[in-house]
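In the two complexes below, subunit A is the common chain; its partner is subunit B in one and subunit C in the other.
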Partner chain A sequence: MTDALSWTWHYDGVILLTGILCAVAASLPGNFLVLRRTSLLGDAVSHAVLPGIAAAFLLTHSRTGPILFAGAVVAGLLTALLTELIRDIGSVDEGASTGVVFTTLFAAGLVLIVQAADSVDLDPGCVLYGALEDSPLQTFRMGGLELPRVTLTLAAVLLLNLVFVLLFFKELLISSFDPGLATTGGYNARLVHYLLMVIVAITAVASFEAAGNILVVAMFIVPPSAALLLTTRLSHMIWISAGIAATAAVMGHFSALILPRWAGYRSISTAGMMTLCVGLLFLAAALLSPSAGVLTGWVRRVRLSLRILCEDLLALLYRIEERSGAREISTIASVEELSRKLLCGRRMLIVAGWIQARQGRLTREGDILKLTDTGRREAALLVRSHRLWESYLVTEGVGRGRIHRQAETLEHYTSEGLRSRLDTGLPDGTLDPHGSPIPGEHDFRSPPDA
Partner chain B sequence: MSNPAIPLSIQDLTVAWHRRPVIWDVEFDVSPGRLVGIVGPNGAGKSTLLKAVMDLVPKASGRVEIFGQPWHAARHRVGYVPQRESVDWDFPVSVLDVVTMGLYGQIGWFGRVRRRHREAARRALEQVGIGELADRQISQLSGGQQQRTFLARALVQEADLYLMDEPFAAVDAATEQAIVEILRSMRAAGRTAVVIHHDLHTVPDYFDSVVLLNMRVVAEGPTQEVFTRENLERTYGGRLTLLEEATEALRRREQRL
Partner chain C sequence: MSVHLQIFVQLLQSASECVLVLLAAGTGFRERLSSLLLFEHYNTRIVLLGATLLGLAAGLVGCFTLLRRRALVGDALSHATLPGVGLAFLLAPLMGFDGSSRLVLLAGAAASGIAGAVAILFIRSLPRLKEDAALGIVLSVFFGAGVALLTVVQQVPAGRAAGLDRYIFGQTASMTAADARLIALTAALVALLIGLNFRSLTLLCFDEGYAAARGYSISLLDLLLMSLVVLITMIGLQAVGLILMIAMLVIPAAAARFWTNRLWVMLLISGLIGGLSGFFGALLSALFADLPSGAVIVLTCGVLFFGSLLLGRERGVLVRSMRRSELAAAIDREHLLRGIWELRESAGEESASESDRRAAGFEELLNLRSWSAGRLRAQIRKASAEGLVWLNSLGAVELTRRGVMEAERLVHHHRLWELYLITHADVAASRVDREADAIEHVLEPELIARLEELLLQRQRGSAIPASPHDIAGAAVQQSVAAVQEDRRK
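Up next, the complex of A and B:
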């Protein structure tokens, strides 16, 4: 396996680790960006740190060191401050003012970086895509060990973000949910906001070189958005988002190893693949989320309509028995006839018949459908619910012409308890408004020719 | 001047947005153990008044004292119930989490939420009659239940002065009754509540005193004396257009170079 992928620990292992660290570090503060509905600020700050980096670079001629981080933090704070300022004085919405600020700062950064690139090696292309593949090559010596610099920086940032989220969980929660209450309770919501911006800026800077802009921006926003689809608890959301981020990094790395061979490319950007993978994971969450998933919703609807059809089929057979007195129905049991009566497609009806036969509620010989005793008992209860509802609706003053349609829906959601409460409230519990007998709860009607 | 027995004392308070006054020269005192209604048309500055008291919006001038102290020193004695629409009800937290937030002020920075805090929150939820909803996600609540959640969050603070921004807005009759009962039991316990209210019919029934506000205080005092047809006409009627005209002229003047 490792052979087939041409996997080597000291090379691929470091790339993968760097990717995971970057993804998870970004996803942690990203949760609060998403919940504050300021997702774009993550994007903005990760672009706006560029002039900070470039300025620090021009000053120190180095791509590392505390000055670089200081420059980035200043730029990040500046973004947050300027965004507020422009929103207030320009009377535009937050999104527009964010757009104004970060594009301007980013452009300024690009101008500065070209200046810088003449004298030292800093590549504007690296700003967007990063150079995750180079991370194992940039090492420094410490205590006799050759250590990858970027990877260690990101590990430190992940630790910082983890401590930040755990230590300030309460403060982040209250200031995100209700800034007014936070401020009156002594937690200055603006202060918390700026703290979050500092963390976002530090994360963006640390990831910049290795992962580039796109991966960081994606990891700030996409894993938390996917996690929000999967849970209703903030603490769970944070861990799930971290898990999604890490999974996307692993998937991305391996697809970057495998895909080029299939497609015949020379190589694929690892950071790009990781970003693509996190997008795919979001798609999966959007389709499969237990509460809000598109696919889960569809399955739920189909299952519900099938259940209702299964019950309607039983009730229909029961009524035919009741009317004709016969225990088997061959005359109208043709699929076309039944599907017309039950207002459903042939295929659904066949599935419903098959399910009910499998569960022992009816038997089928050729064209003849017969209720079994179990089936008849259940059908009697459904018909009982239906007729109780009709009687009840009449006492509530609903017109006779409308009671059948309503009872047809309600019968499928009526428990034994509800039936007995309906029954006790009725003046006459034996006949429904149309004059048909209401089956008892326990003694289902024996067919006359038994 | 400062009297530690007076829950809320507002002197000469003016708040302005972009130089345009929202409330002007507001001045009144609230006596302890009373339910005070703040009544006035839309845009009269009712919410702004409460926010200015809590330093949530900057004051252009004036002074606010809570039990004889400035806001920041008496903050812990005040419970705030913001408008229901002011928060995102799809936020991934449970009802209990929201109520527990009322205690964050006591817990303080870096402090942890402990079991006794959550138990206090549960008791407050029982008090407002939705104890069984404690572990629900807040997006599943009806409007009335949301308001009860906010009320529980205020109760858990055990404050001496409550500032409530339209707690009766768009709630069902049962919730309205529950809120009124809670307000009355607060008053019985010697607490004070200042409540922004919209439904004029219920004012004499619910409140001991009223403040009729339309940018400035039109009238304030005991409900029987102040809540008169004449005063209401002055609050909601046309007379204030003169004041509005003046502010409009002021604003236009500002825009000219």
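Up next, the complex of A and C:
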């Protein structure tokens, strides 16, 4: 296995660790970006740092170092400030002012870089794509150990973000959901907002070199969004998002190792694969989340309508039996006839019949369904609920023309206790408004023989 | 000032007509166009025309996305076209097409752009996730997939030659005649689609609920709008690059919003600003060798945006601050007149002469409200220029005959509203003065008439009802007098 992946700890281990650090570090502040509905600020900041990097480079002529870092953070912060300024003084839509600011700043950065280009190889492509694969190669010596530089930087950033989130948890919580309350509570919501922007800028800048801006922008937005589909508690959301981010990084790295070999290519961008994997995890959350998933919701709806259909089927068979007054003939009904009366598809009806047959409520011979004694008892209870409701609705003054439809809905949600209360409230407990007998709760009477 | 602005807007409009004529020339008469372009600086002309038309078309589409409060949809969708380009390149040979042909790549871009639009609508429909998250997720995940695919494409021998990374950074300067023709066709198509769907798109932007009630499908309309974005993006991307494309979709529309409240005017201005910045940006970068054209176009756009932000005729910062200060001045004027009138009213009939009954000292007025001495002085100067007050021989501010009439009208409004608040809105008498203060300046004549009908049936005799509370001025005056008394002791 190790051979097939050509896995080496000092190389792949470092890439994997760098990817995980970057993903988790970005997902922590990302939670608050998503909750504040400013997700795209991460994207904007990560583009707009370009002029800061370029200006710092023109000053220092070095591709790394604290000044470059500071320049980028200042430019990132400037994006947040300018966006807010234009939004407020021009009463422009937030998205529009973000778009104006970051594209203009990025263009300014591009012009600056081209001015510096004669003397440098500051490649804008490096900022966008990043080269996660190169992270083990950039090392520096500390205490006799050869350590990967970007990995250490990202570890420091992760620690900073963790401390920030833990320390300001309450302030972030209140100012994200209710800035007004935060202000009346004595917190400065604006200060918290700008602190968050500083954190976002630092994270974005630190991740560029390691992973390019795609990975960090995705990790700002996607894991928190997926977590928000899975839970509604902020503390849970933060841990879940960090978990999703780390999982995506691991999945991404392994798929980047394995996939290209299958298709016969040499390699594929690790950062790109990590992004793709986090997208897949989001899709899984969107489909399968217990509370908000599309697929789980669909399954829940289908199960409910199937349960109702099963019950309606029993009740219908009971009524047919009752109307013709003969057990031998009346319990027989063809699927065609039933599906017409129950307004459902043939296939759904067959599934419902199969379920009821398995539970011993009816027997099936070819195209013909028959109630068993258990089935007849349950059907009687349903019909009893239905007729009790009809009687009750009539005493409440609901018109006779409308009681059947309402009872048809209510019968599926009526417990034994509710039935007995409806029964005691009624003046006459034997016949329903349409003149049919109301079956008893316990003294189950079999229909008269022919 | 507004005359200048009108001239400016007319200039903008006529210039945009010129651009429209150019557009017609570009699509309708290809021979004329190519003869126009076969001049000495053939390449420059192509780039100028292409950039201008692209800016124009993007400006048109941008208006609708801006008004739909989805300005950054261009950001997301332009990133979303990338994986389609990579996939088309890799898969086309398997189906027997040439992977590096332009049509195949464009088809791939369109397909994945539309997939991105559908994904945005899907994420929007999930609980708790909002617009921004939908855009951000589509942007980052699609772009990540695209980057992964591009690294694979680079390993195919033909991949490097196909120049797929042009799709990200764009090379405006190397635009070919075929590019420009494609842009012209797309621009015409976009304009046509907008023209055909003008009504439904307008409804979508301004009143989604009404559009749904009229039987339009909101998701289909959203998809139409996003398809327009994809259409313009996939053509523009390879010509000018990602960031420029986003800028062209956002900035001209946002700038045009400052100039007008009418949609079709906004469309014209936005198209014009897009076209102008495309033209001048390309021109500047052609003149100066080391200016990248895409970036210069964005910066030109940014400058035009900044100008519009300041000078815009409808919502510009200057106009709005002027409107605010005009309103503040009008309110100050009304406060001044009513202040003098009420101060003398509280002094009562026993005052010596008639002129005493109409005049108030500067100190008294200054203490009446929280206005600075300078603001009050300026207001007195203004009112005396209007012939409403004059400074009499004692140095007091005295109402003229017209001033008295105007002041009585204002006091009348103020007290009517106070009475209404007390009798019909159950507001305490001690609070009505402040509440009436806020609304008295904007009462319409019809409303006054109805208030009179409602409240003054029993008091027909006097034109001005008595104040229902202690006149604030009198109270302040007494307390000021008390303070002065204390100081003397």
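The working rule: the second predicted complex is superposed on the first by the 431 of 450 C-alpha atoms of A that agree within 3 Å, B and C clash if a C-alpha of one lies under 4 Å from a C-alpha of the other, contacts with A are read in each partner's own complex, and residues count from 1 in each chain.
Keep this in mind: contacts are C-beta pairs under 8 Å (C-beta built on N, C-alpha and C of every residue); 3 or more make two chains touch, one makes a residue touch a chain.
Computed from a predicted structure; not experimentally measured.
S.K.: State whether subunit B and subunit C clash or fit side by side on subunit A once the two structures are superposed.
M.R.: Aligned on subunit A, subunit C clashes with subunit B.
S.K.: Touch test for A:Pro260: subunit B only (first), subunit C only (second), both, or neither?
M.R.: second
S.K.: Give one of first, second, both or neither to describe whether A:Val398 is in contact with subunit B, with subunit C, with both, or with none.
M.R.: Once the two structures are laid over each other on A, A:Val398 reaches no partner at all.
S.K.: Go through the superposed model and pick first if A:Leu306 touches only subunit B, second if only subunit C, both, or neither.
M.R.: Touch status of A:Leu306: no partner.
S.K.: Counting only touches as set out at the top, which of subunit B and subunit C does A:Gly186 meet: first, second, both, neither?
M.R.: Touch partner of A:Gly186: subunit B, not subunit C.
S.K.: Of subunit B and subunit C, which one contacts the greater number of residues in subunit A?
M.R.: Touching more residues of subunit A than the other partner does is C.
S.K.: Touching A:Val222, do we find subunit B (first), subunit C (second), both, or neither?
M.R.: Once the two structures are laid over each other on A, A:Val222 reaches subunit C alone.
S.K.: Give one of first, second, both or neither to describe whether A:Ala292 is in contact with subunit B, with subunit C, with both, or with none.
M.R.: The second partner, subunit C, only.
S.K.: Looking at A:Ala284 after the superposition, I want to know if it touches subunit B, subunit C, both of them or none. Which is it: first, second, both, neither?
M.R.: neither
S.K.: Identify the partner contact of A:Leu173: answer first if only subunit B is touched, second if only subunit C is, both if each is, neither if none is.
M.R.: first
S.K.: In the superposed arrangement, does A:Leu195 touch subunit B (first), subunit C (second), both or neither?
M.R.: A:Leu195 sits against neither subunit B nor subunit C.
S.K.: Could you point to the stretch of subunit C, among 5-13, 77-85 or 437-445, that collides with subunit B in the superposition?
M.R.: 437-445
S.K.: Touching subunit B and also subunit C: which subunit A residues?
M.R.: Of subunit A, residues 37, 228, 232 contact subunit B in one complex and subunit C in the other.
S.K.: Would you mind writing out the residues of subunit C in touch with subunit A in their complex?
M.R.: Residue list for subunit C touching subunit A: 66, 69-72, 74-75, 122-123, 126-133, 135-137, 139-152, 155, 165, 168-169, 243-244, 246-247, 249-251, 253-254, 257-258, 290-292, 294-299, 301-302, 305, 309, 315, 317.
S.K.: Over in the complex, which subunit B residues touch subunit A? Could you list them?
M.R.: Touch residues, subunit B against subunit A: 51, 54-56, 75-76, 78, 80, 82, 86-88, 91-94, 97-98, 101-102, 104-105, 107-113, 137, 139, 153.
S.K.: Per the contact definition, I'd like the list of subunit A residues that touch subunit C in the complex.
M.R.: Against subunit C, the touching part of subunit A is residues 34, 37-40, 42-43, 47, 86, 89-93, 95-100, 103-104, 106-108, 110-111, 114-115, 124-125, 128-129, 212, 214-215, 217-218, 220-222, 225, 228-229, 232, 256, 260, 263, 265-269, 271-276, 278-279, 282, 286, 292, 294.
S.K.: Note which residues of subunit A are touching subunit B in the complex, please.
M.R.: Listed in rising order, the residues are 35, 37, 167, 170-171, 173-174, 176-178, 180-187, 228, 231-234, 236-237.
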